[in-house]
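Okay, got some structures for you below.
After this come two complexes, each holding chain A, first together with chain B and then together with chain C.
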Partner chain A sequence: MRAVELRRGSYVDSVSLMQVSRRVSGLEGVRSAVVAMATDLNLDLAAGLGFEVPPASPNEMLVAVDAASADVLDAALAEVDTALGESARPQASGFGDAPAPVTVRAAAARTQATVALISTPGQYAFADAVDAVDAGLHTMVFSDNVPLEQEVALKDRAAAAGVLVMGPDCGTAVLGGVGLGFANVVRPGPVGIVAASGTGAQQLMTLLDGAGVGVSHCLGVGGRDLSATVAGRSTRQALDLLDEDEATSLVVVVSKPPEPSVAVAVREHAAGLATPVLFALLGPGEPDLTTTAATVVAAAGGTWAAPEHWTGAVGSGRRAGALRGLFAGGTLCDEAMLLASAALGPVRSNIPLDPSWALGDDLASVGHTMIDFGDDRLTRGRPHPMIDGSQRVQRLLAEVEDPTTGVLLLDVVLGLNAAPDPASELAGPLHAATAAGIPVVTSLAGTRDDPQGLREQAARLNEAGAWVFLSNAAAARCAVELTGPSGGDG
Partner chain B sequence: MSPRAVPCAASSLLAGLLDDSRVQPVRLMEVARTRVSVHYDTGRDDVPVLCVCTPDAVRLPASLVAPALPDGEVTAQDGTLADGTATWLVVRWWQPPRPRGLSPYAVAPVPTVDRLEDLRPLDLVGLGPGLTPCGDDIVAGALVGASAVDHPRLADWRQGTRTALRARRTTAVSRGLLHHALEGYAIAPLADFISAACAGDADQESEALLAVGHSSGAALAAGALHALATHPAGRSAGYRGAA
Partner chain C sequence: MSLGTPSVVVTAGAAMFADALALQGVGVSAVQWQPPAGDPASVAAVMGDPRRAAANARALEAMLGAQAHLVDVLPAAEALGLERGQFLHAGPPVEWERASGPLRGALIGAMLFEGLADSPASAEQALAAGAGVGWEPCHSRGAVGPMAGVVSPSMWMFCLRDEANGTTSWCSLNEGLGKVLRYGAYDEEVLSRLRWMSDVLGPLLQQAVRGQEPVDVRAVISQMVQMGDEGHNRNRAGTLMFLREVLPALIDSGRPSADVAAAVRFVAGNDHFFLNLVMPACKLQTAAAAGIPGSSVVTVMARNGTDFGIQTAGTGDTWFTAPANTPEGLFLGAFGPEDANPDIGDSAITETAGLGGLSMATAPAIVRFVGGAVPDALATTQRMYDITVGENPAFAIPILEFRGAPTGIDVTSVVRSGVLPQINTGMAGRVAGTGQVGAGLVTPPMACFTQALDALAGSVLRS
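On to the complex of A and B.
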């Protein structure tokens, strides 16, 4: 039983709408619900869920509900009205309060802010980001899908204004201990990080924190900054800022495989700075993130010990199967693929290391396979898998049913703005996997101060039968070993 | 119903206390309270007094900054504080200011601050009314200033202060302030003032420091300037009445 409505003259912000959708979807008997502004993206999402979507404009609100019965449908639509009514209720404000600012620059003028965070749909982000840069603010652009030429123009404008652009598609930053986006709660210390990779930075930060070495700042620069077109514009600027920072005595640059000529130019730039700079540029033959963390700890005068791990169940019936990696973090997926492909041969993926290893559009597993659920194409209209892991859980259960699955490898990333209890969400499916004889290896990135509780999360995953590694590289090596040389044929 | 979670920002000086609370919970007794802060005796040598304060308070070096204050006795456990109705959860760490390596060669004149003829911690600690007696503020300012410029009398002043603290001659809040001043840690307005004074212009920073408390800011400034202006390498007009 389905209902699709378009409502005119209603506007509610996207976060509130997402909460309304989730609240209605959670009602018993409701199979799916979309309550969103009728943008192309949301119309596609509704169509993908099987709703017949009428022509609409982005100024209208789409309400689409699929329920088990007419009664449930009525109740769900009533709940939509209730929830929208609650979210639209104006906040109490005092008589004579100034109206809320409507531009970044106006907001900046009222405060002593030094940083702006832009998180609007990518097609609209440029204007607000320019406004922030012109207001003299360091600007983090969380938005993805920002056109490349806009990124270059924005970064040139920022350089001229003497401010830094972090992003676009910058999911992680820590500025003076304040986490923005997906960030871990780390202690202050001497290491500054320049990150063209969010989960790469998180892995590095968590390993450093575990070894007792703190972080001064982590400046994200966006995943494309070390591409040929962007040419390291923000990376060089971030290096200069950290070089001037009194709290930073050592800098690490972390990135997915960069454009080689850009990497050379950035290394030359770094060589001219007073502060030593180490590089963690993932790629074949390059050190993994854990090895880099050990180097950084030694350089910072700390004592390195191999990150902890907890042994899990060893499956009995699937030893000849293939390795299947299901990741929320793109760089963690990259790192695992680099290690696995060196030992096992081709690893198919939606973010393949080699174009010939690309999965089909249906993302069906073929031999050794690793999927990045945080990839743009899988997060359109959905929360990131670090917030909502349901899509990955469904795939995990499907992999358990697949007789060619031999070993499962997953990442679990803790920290601010990540899901409150990802281990509990995974526990049932992990039990199902181990009961089916499939060993499950997890890499757990988090710090002792992260709100989810690192030890509690590790214990919960381990109780469910999973191997748990605080090092993603160690997790990948364990998964490769459990897969064995004969796995993945076919 | 699970207790309300209150996010807070912790000074890195509290790391030992909060980390140890994961192994063994510890009850902390309230020893002082203001509208914007509450202070707890920890019984520890590394951080004798823990302060929980709101964002509009002046942050003591060992503070936990939170939007709401605990009520009465608290327990530190699993890296958090709890008072039975809420749990204070660290979501951010911050490094308290610690000016160091500064040069006292051209200390800015600060005519609004009185000159001290001499500084003897044993005579000053505990002298005066309030949460942080005026004498303690002077000593704290001098210790931080001396630490910032590596003053030759720093060792003497430290020894005198430690002796006075061992005798518990002052308030609990002041013990916390002085304990961390011994290592050069300061409230931000004092650290900014010392850095600016050494750079030759502290008009703005002295205004901000003098606004701290009823008399605390002026006393901190007097102590700090005494340290800067009496450094043998300095050639400062220093402050009102200085030679």
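On to the complex of A and C.
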């Protein structure tokens, strides 16, 4: 028994709607449920589940439920209403209270805000970010799929206004101890981080925190900031701000290899600052993030010890299989591919190190394969894998079924806004993998103060059969070793 | 701006980020966000237009600097050079075939009043044929007219000057409520009142106004806003203050005391008399912002009973029109929603200038008349600050701690938020000849704003 409704005049963000969908899908007797804004992608999704979808606009909400009986259907629709009611923000109710602001400009005007966090869908994010910049706010743009020319225009506007644009597609920032987006809870300290990579920054700050070295600010600049087109606009702005900042005595720039001409310009800019600047540029022949962390700890006067790991029995089967890496963090995926390809040869990917190593559009694994589930193409219309790991869990189970899979490599990133208990979500598939004789190696980026609990997550993953490393580089090296030189077909 | 630990963060988008900030003890100002109502490419183009912020600031400054003095009262033929057979009307241009009942009724009445027809039927025939008659929007002459807004050459008009900008605006004299020409009624009662207004009231007011310093209409508005008038559906304090301004001169006019008494009784008995002075004052204010390239501020909102039309500072005198909505509210006597005509009149110039529905918070006395409650009025005005570029300190609203009226409706904010300007309005009968049937609230159609935004986006490409 199916019901399909379109509701007008009620917008709810995709993360909240995903939670509503899950809650309703979980009811006894409900075969499937889609509660989502009626974007083309979500309409296709519903159609794929067998619903007859009427024409709709993205401003309408699609509610589609397939239930075993009419009673269950009614109960499910009632549950949709309840869940939506709970996800709605409370409205001002006091006499004469102002209603909730409807634009960023209005929100800024009502408070003493100094920072904005924009996570609206990518095609709209520019307008909201312009509003924030015009209001004089440092602006983090979490949204991805923002056109490149809009990024350049936004950053030029910000430079004129004397504020910083973090992003677009900036997942991580820490401002004076306040975490924005996916951020780990780190101790305060002298290290300022400028990051063109969110998970790269998270790896660095968690390793620093583990070594007792704290962070003043971590300023994300967006993955394209050091490209030829964007030319380091935000990186230079961030360097200047950290140079002026009293709490910062050492700056680290974390990025994938930048456009060479941009790298030269940024290094020249950094050389002119009073604060020393270290560059951690992930690439062939460059130190990995863990090595960089050790360098930073030494420079900050701390004591470095190798990050912890937890291993166990080695799986017995699939000795000739290929290495399969499934990542939530793009930079962690990159780092693992650099280490793996140096030892094993080509690693196919949706974010390949070499264009000839690109996977097909179906992303089917070929030999050694690593997939970044946080890539723009996989997050369009759905939450980031660090929030919703279901896509990766499905792929993990498929890799276990694939007879060519030899070793599995995963990352787990903890911190604010990440899934509340990723280890438990992975436990079942991890058991399945180890039962099939496939060793699983997991990197785990987190701090003792992260809400998920670093040690609890490590223990849970390890109990499920995974070897766990706090260093992503160490995890990748271990996975390469377990794979052996004969794995895969190149 | 230097780095530091933020105490408040503005969030727009996923609610989880706001929650995570709140858990860290950081204040959150969460935007109640929804996808823009218009083309995302147009939104981006106009938001990214480097001219926009400065142009809108200029538009606001121009509006706040405008003046409005009543300098004369005279027939439309003299004031505007309106010739026999020429009429003005409210809203954007409209041809007879698409004209609404009240506009047709008012044009019929004007034909009869001018002696251009001897019966409603022959008037209608001539108007339909366009034989020797024509009509154009009041706004095309810098004038404004409430409801049908029909002006004929013999009707007398207030003439207001903005010396700061060297501009002039005009509006007819208000006839009162009920069966009146502006609501589309044209029977003998209506026509005889119009004749008395031309023969007695107009000349009396002319003599009074010419015989003294120009009345500072803007100063009266400032006071009325603090006395419970929002300047659109409530003009009681303004009307009485205006009477106070001209009464000595009326008494000194030397005209027959019966005429003076009748005029005073007429003005004092019509709480909306001053609306026809608020409107041209608002027109002078918004006209001051016209013609500023790159500005997304609305300079005209007007309706003809069929279409709603807007103009913006950055797009010249181009109308962006869409079918007008029908107001919701309370009805007079036995009238009901089926009797109401779609939204009509140039009186939304008051909202364009920050008064009327935008300043609803200052007029709690009429919230029930337009079908609301006092908290709704306070919330409405506070929401209007979100879609306007600034505040007018001259129109200070006591209940909001003397905050200025929300001024300068911004097309980008309207399209992005989906929040439309709130308009307080009267309701005309759908059928020509009926008159007023009620009053209530209405909003413009969003399509006016999305079209304006597209045009502004086009101007970015050409700039």
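In this text, the second predicted complex is superposed on the first by the 442 of 490 C-alpha atoms of A that agree within 3 Å, B and C clash if a C-alpha of one lies under 4 Å from a C-alpha of the other, contacts with A are read in each partner's own complex, and residues count from 1 in each chain.
Criterion: a contact is a pair of C-beta atoms (placed from the backbone, for glycine too) under 8 Å apart; a residue touches a chain by one contact, two chains touch by 3 or more.
It should be emphasised that the depicted structure is a prediction, and the values quoted were computed from it without experimental measurement.
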Please determine, from the superposition on chain A, whether chain B and chain C clash or fit. fit
Identify the partner contact of A:186: answer first if only chain B is touched, second if only chain C is, both if each is, neither if none is. first
Contacts of A:377 with chain B and chain C, given as first, second, both or neither: neither
Counting only touches as set out at the top, which of chain B and chain C does A:16 meet: first, second, both, neither? second
Which holds for A:177: it touches chain B only (first), chain C only (second), both, or neither? both
Chain A residues in contact: does chain B have more, or chain C? C
Which partner does A:448 contact after superposing on A: first (chain B), second (chain C), both, neither? first
Touching A:8 in the superposition: chain B (first), chain C (second), both, neither? neither
With chain A as the corner point, what is the angle to chain B and chain C based on their C-alpha centres after superposing, as a multiple of 10 degrees? 80
Distance of closest approach, chain C and chain B, by C-alpha atoms in Å: 5
So which bits of chain A does chain B touch that chain C touches too? 176-179, 416
Show which residues of chain A lie in contact with chain B when the two form their complex. 176-179, 185-188, 214, 247, 416, 448-449, 451, 453
Using the touch rule from the top, collect the residues of chain B that touch chain A in their complex. 5, 9, 12, 15, 19, 22, 78-79, 89-95
Residue ranges of chain A in contact with chain C within the complex: 11, 13-16, 37, 58-59, 87, 89, 95-121, 123-128, 130-132, 134-138, 142-143, 150, 153-154, 157, 162-163, 175-181, 217, 219, 241-242, 244-245, 383, 387, 416-417
Touch list for chain C against partner chain A, complex: 1-17, 20-21, 23-24, 26-27, 29-37, 40, 43-44, 47-48, 50, 53, 375, 378-379, 382-383, 385-387, 399, 412-413, 416-419
